[in-house]
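Below is the structure I would like to discuss, written out as structure tokens.
Think of it as A, B, C, D, E, F and G in the order they're written, each chain with its own count starting at 1.
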């Protein structure tokens, strides 16, 4: 079932990429999708949360907002004549525990300028985050927990 | 009516100038280092800049087919960075000294 | 190409080679008695050639042949005149005796069959040599005699001396052969003739040709090596390492006379010049004297005989070079006589060795009773050798003196040489024939015994032949001597000499020779020790010279090769790029192909210039990078810059591919680097770097100038116009580059993917195949072992 | 996907309208066969037992196809097929004349011998990691190089054979192999790169890549075109590929390192492709430039043959010695190119055929000798004459053949070349050829003395190894038989090479075969 | 409409390029590889992403635009991965944080402990 | 432009050749890549340069069909050459890696197994 | 490099890249791309998959040894060239067929088959090489 979804998704992506939404092309994209997925069949175990499109969209919006804001922040930092940096790495205790969710969270954190996921602890309990401004790690932790992590839990649980 | 080509050309010239400057700075980082990760990062950045460059050229010349090259470049840029990260990992622990080329300890590491 | 019976002659010429193929089988079946069967081959051939005797004695020649290599104007053709016939009869006649003798001599030898093969092949080669008409066929057989004699001399391959002698013979005669080949080809070039018969008939003015001297030297190079003229004589005595039948056959009766045959054959066209008549007697006479002196020194029967062979060859060359009709007649007579007595004496030496177990003359004596037949044959041959009646040698000697006794200092000198030489040969003949047999029997020789019939048949027959030919000299002259002399002289010559001596100068000279000989015979031991001491004092001879030559040429080659092929890739690369620079710059300058100075572009403030600068920065940082990792990353910079350049100049496909390839290159570099424990970079001394910089800048400048010149030539866009025109309309593709790749020039791509595929496989096998156990490799591998 | 823009267009302005006779497919058949069989062998590479079962019939088929092609060319003159139906010079033409066909056939025979020998010599690992695919792809490269009529396509086939040779060279991964392969690879890479560079210049100057097109346009080039320089560059590139002095370092550094069968194939095939290309470029395409360079080529020829023979004299290792003999032979072939007379060129072609066969056979023989007695060093006496008579006999024939002694295959081309040299008064070149023969005789004579005649004096003589009559001796006998046969009956080959040299020296037939209507615009 | 698109495209071009330049500046000015990563792999990606979308808009056909968007999505997908890998690898192999760093809660490999700054 | 490009090609060649002359295989390998680029640029320049008009006859480029497009043939040739040189580069790289493993050096002066430094003089006897 | 984050994302990235590679392959005749570039992208995809998840999953996913794919590719390309013998035209002549399918037409051609062959060769060879390098001294 999940595979089918992904497959359809791939077919649509194909159509989008080729810019030709004819039936034939989508069908062809579907076949290609089978091919592409068959390559990774082992890794595709349980991925199927497509129904929560709305919450995903909300997550996306948050992400885009954060992305833009932080980009500007970093730009200002870089452009300011005297950079007042307090960088550092702090550990973040994860609430999410599925691989997919951890990955998504880590990536979102990374994509947001100012923070960068360095590693996940071996027991998947902690995410180590490098922040360009580490003057108040707890505040950052709170932001993440209230922001991305909560949204992820909403979207995929 | 605005002369759209004129605007685009001006924007392109400005953009290309900015990008060339970016190129220069990035290359400085590649050459200067000082550490290998710095260089790799700079190379990654170089790829990103090149993508922008290609896109600008695409707009400037009207050949939108360049978009595919840009995509492919993003793809392989990723690949290069992954490979280099793997290389750093595989090469083993490093003891770094300011202003000196890197020295490698003999001990081996496994990645995880 | 008309002839009486070409096909029979052809088959006769090939017969020994076929026989050689079957000899081992026959020998396995019949042991040494196969000799009786195999001897039929030369007997048959002898009979065949006898059939020509009357015809040729009437002044005719027998020719025939087949077209062999018409494209190169080479025929398999034979030309039989008096000269060839005599040789053919000697080769086949003595050959038959030798085959029988071999059967006896090598009885029980494990490789007797092989020996028969070799000797039959040798016989065939020699026969081919003397009957060949076309130059190249002659040369083929000439070289074949060298090859077969190489095998025969080295027959006893386990002994170093044999091997050395074989190589020596091959090197000397083979080397001479190359001179001969050049000479023959030069004659061909000068006259346009490539056949003996035509050459002899043409009366061509070869001796007036500006190339005469070159031809003369080249031909002599062949003849003198083959016929062991001083100072190239040394290989012949060494060839005595071969089994005695070989010595008897090759080194007396036949092969060594190939050189003489050559001189005699070409005498009509090359002779009769001052050079010819000076050089030949000079070398011949020297060889005669040196040969006899060296022979005196020997104690081994075979070696003594071998050195006298050298001197006999010298005598023959001297006579041939002397050039007068009588001299030629004398040479012919002596050649025939020598073949008989020397063949016999060698076989006698073998018999003595066989019967008594040694050939050392100092340890031999008193064998007469034990080996009466051998003794008889020996004494008869020795008498012939000494030039005494009633054997054929006498006739020869008389004729020699008759020929040489002419007014003038030069003939007088040669006469003296002949007397000394003959006298000493007289001595050796009798030493060989008398010393082992007379006197008290040495204790060690108590078991000596006469050999079997296979062994003594040969010498006996030859001795009888020596007697018979002398007794029936007019018949001999009619059938053999006169036709041969005519052939050599190029004009009809009649020989008359017989056993009945004419009182005159020749007889007197003979008498002087005999007296000198007897005197010398009595002093032979003193002579020997004198010679011995003399040679000790000199301490060097061409024989050692040969060793020095081989060692020298090997050492020289070794040094030269080590300099050129130093094994250093760095040096190789340096040389290659210096060559590159020279290859481009020298013709450019020499043929005025330098480019014009380029015009400065109007506006150079462009972003493409920026990209070029980036490329250049990337390049320099590759070189200057302090460690190789930086270099690799810098490599990425120049690669991306190139891709951008391609894009800026309208090559998106190239750009696309370059990006991919450049990245993958860097990826693979990184993947491989993980497996290498790197040592820091290039720490060569400055001067080496400066040299490298110089070379690279020179080569790069060369490429650059040529490129500049190339773009200054007007361009012919036909191909690209065509592709642009038909890409969409016929090949259905809008991307012209891709259409070229898969359609217009798809065959290139076909080959290209073959490269990719093979590279993949080659890399796989490189990584997978391990010559050594894995743990050694693991030490270099710092990363995980999973996968 | 495909464009649907298909307006009606007169095809005849762009394409060949008449169908090629089926026989013309012979032009591409050797190449096609090699590529297909090579690909199949690669796909079944893990079926190590099936490899020779597929490969050897494939090689036999290759020889048959090559022979058919040669007969076709002999009957019809140069044959052309332009790929993709595009008019030449736009499509890639394969143009086969006698030179190409004859060398292809000879190469096929050498490959067949190697293929059979490999069945016994190459172990499972070697088969698994591609001995036969490499062999077939190398043959594809060789055949493609001999058959193509397009200079860039020639470059591609050069690369195919080069990379395949890399694969063969490292099949075993021993120290010496890796070291040899390194030098071989880098130096050859430089050589092919020079070829590519020269071709780039050539395209920039002439705007065409088709050889026939080049041949017909070359005489009309303006004086401004830097053709002398470009042709010199070609001579350097091909001289290097052919292992001519002073650019031949790669050969002695590598030929003795791989498996014997690989050395044998290399000796037979690789350098000859360089010689072929040089002949093609200098004789057919740029005769005027060649005339100017003749003296340089002649000096290179003399130096190569003499130094090669000297190199052979200096060796202790039988196989290294053979490598130098390969070089020496190259020098002899260069002599004919320098002379560029009908005799000289036919002599070179003949010598190339001889050298391909005899050098392959010699390497195989050296391998068998080493297997029979445990090593390649001639400093260790090994008494092969006693223990392996047949092998010794064959070796001796090959020794004489390589020295240019009659009545074996090496004799005739040498005589022809000496005569051709004398014809133009180049006595020194003739002398060099003869002296080379002399030195070679000494070199191989010494091998014979030390490795064959000299008895094994060691206390524990090597266990006599029995050599298989089929897998080991068959290829050797096949090649040696040819050596003898060609030596005894050189007429057919000589006729061929003479016609071939006429075709090279008068390119009209070649050009006509590509452009039957004459000038095409 | 056309002119709006033109201006939009022009603006995006300049903004994107400017972002890239900022990233490059960051690459130069920031003190260690970890902080530089913040600038390079995000501001850089964002910059080129904006320009790429500009190209998609300028092209005026959906195919190109979707491709441009897909491309940007792809960058956004890969950029965090490469940063993560690079950072992790650097840290694990002992490339230390710059001296001005205020906190490091990352567990250290034994060899790294003595060199990495607290 | 061609003159400038020629100069760039010259720099490429100079650097490539300089690297080829090094003692370390890795440096030579870098030279191989650069040489490949040098040759490609050479062929590209040799086929003459045109600015920015790709030889593609569809899409937006169709408008430019009347203009002189860049010469497509050298591009195709270079593509083939790139692919080939990439294959060779990959092979050589792995070869260097194996050489390093087997011979325990990447210094070509120390790689003397095929042609050892102390070569033996061949036997001088018979 | 088998980190959680990378391992989770890599399969999707890889399949996306493979998709893209086919896209590039198929449009190559009309726009930049083609078998070679497509093949390189696909090989990069397998490389990423291999680096992230280990080599054996990739090998299992491919089922055939990559070199076998390469051989198949060469075979396909050769066959595409050889097909023209049946049309009586020289080797490697492009043959085009319009196949009607669901009301649309698809232009199939030997040229396309040839390019797909190129794709397979490149995918096979480069993947084989990358995988062999990635996995250790095993085998």
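One rule holds in what follows: contacts are C-beta pairs under 8 Å (C-beta built on N, C-alpha and C of every residue); 3 or more make two chains touch, one makes a residue touch a chain.
Everything numeric here is computed off the predicted structure, so don't read it as measured data.
Colleague: Any chains in contact with both chain E and chain G?
Modeller: A, B
Colleague: For chain B and chain D, which third chains touch each of them?
Modeller: A chain counts here if it touches both chain B and chain D, which gives C, F, G.
Colleague: Indicate, using Cα centroids, the chain positioned nearest the centre of all protein chains shown.
Modeller: If we average C-alpha coordinates per chain, D lands closest to the whole-structure average.
Colleague: Name the chain whose C-alpha centroid is most distant from the C-alpha centroid of chain C.
Modeller: A
Colleague: If you tally the C-beta contacts for A-E and for B-E, which one comes out higher?
Modeller: Top pair by contacting C-beta pairs is B-E.
Colleague: Centroid of chain C to centroid of chain F, CA atoms only: how many Å?
Modeller: Distance between chain centres, rounded to whole Å: 47 Å.
Colleague: How many angstrom lie between the centres of chain F and chain G, each centre taken as the mean Cα position?
Modeller: 25
Colleague: So the centre of each chain is just the mean of its C-alpha atoms; given that, what is the distance between chain B and chain G in Å?
Modeller: 27
Colleague: Could you give the separation in Å between the centres of chain C and chain G, each centre being the mean of its C-alpha atoms?
Modeller: 60
Colleague: So which stretches of chain G touch two or more other chains?
Modeller: 1, 3, 5-6, 9, 12-13, 16, 20, 27, 29-33, 36-37, 41, 44, 47, 67, 70-71, 74, 78, 81, 91-92, 94, 96, 106-107, 109, 125-126, 129, 133
Colleague: Can you list the residues of chain D that touch 2 or more other chains?
Modeller: Answer for chain D, listing residues that touch two or more other chains: 2-3, 35, 38-39, 42, 45, 83-84, 91, 133, 152, 156, 159, 163, 166, 170, 173-175, 177, 182-183, 186, 190, 197, 201, 204, 252-253, 313-315, 446, 449, 454.
Colleague: Quick check: what residues of chain E touch more than one other chain, meaning two or more?
Modeller: Residues 23, 25, 37, 59, 61, 64, 67, 70, 74, 77-81, 84-85, 88-89, 92.
Colleague: Name the touching chain pairs, please: which are they?
Modeller: All touching pairs, sorted by chain label, are A-E, A-G, B-C, B-E, B-F, B-G, C-D, C-F, C-G, D-F, D-G, E-G, F-G.
Colleague: Can you list the chain E residues touching chain A in their complex?
Modeller: Per the stated touch rule, the residues are 19, 22-23, 25-26, 29-32, 34-35, 37-39, 42-43, 46, 61-64, 66-67, 70, 76-77, 79-81, 83-84, 87-88, 91-92, 97-98, 100-107.
Colleague: Of all residues in chain G, which touch chain A in the complex?
Modeller: 3-5, 7-12, 14-16, 18-20, 22-23, 27, 49, 53, 57, 60-62, 101-102, 104, 106
Colleague: Could you pull out which chain F residues touch chain D in their complex?
Modeller: Result: residues 20, 25, 28, 32, 35-36, 39, 42-43, 45-48, 58, 73-74, 77, 80-81, 84, 87-88, 91-92, 95-96, 98-99, 102-103, 108, 111-115, 119-123, 126 of chain F touch chain D.
Colleague: Contact residues on chain C for chain D in the complex?
Modeller: Where chain C meets chain D, its residues are 68-72, 136, 139-140, 143-144, 146-147, 150, 154, 157-158, 160, 163, 166-167, 170-171, 174-175, 178-179, 181-182, 185-186, 188-189, 214, 550, 553-554, 556-558, 560-562, 564-565, 567, 569, 572-573, 575-576, 579-580, 583-584, 586-588, 590-591, 593, 703, 706-707, 709-719, 722-723, 725-726, 728-730, 732-734, 743-748, 750-752, 754-755, 757-759, 761-762, 764-766, 768-771.
Colleague: Any idea which chain E residues touch chain G in the complex?
Modeller: Those residues of chain E that touch chain G are 74, 77-78, 80-81, 84-85, 88-89.
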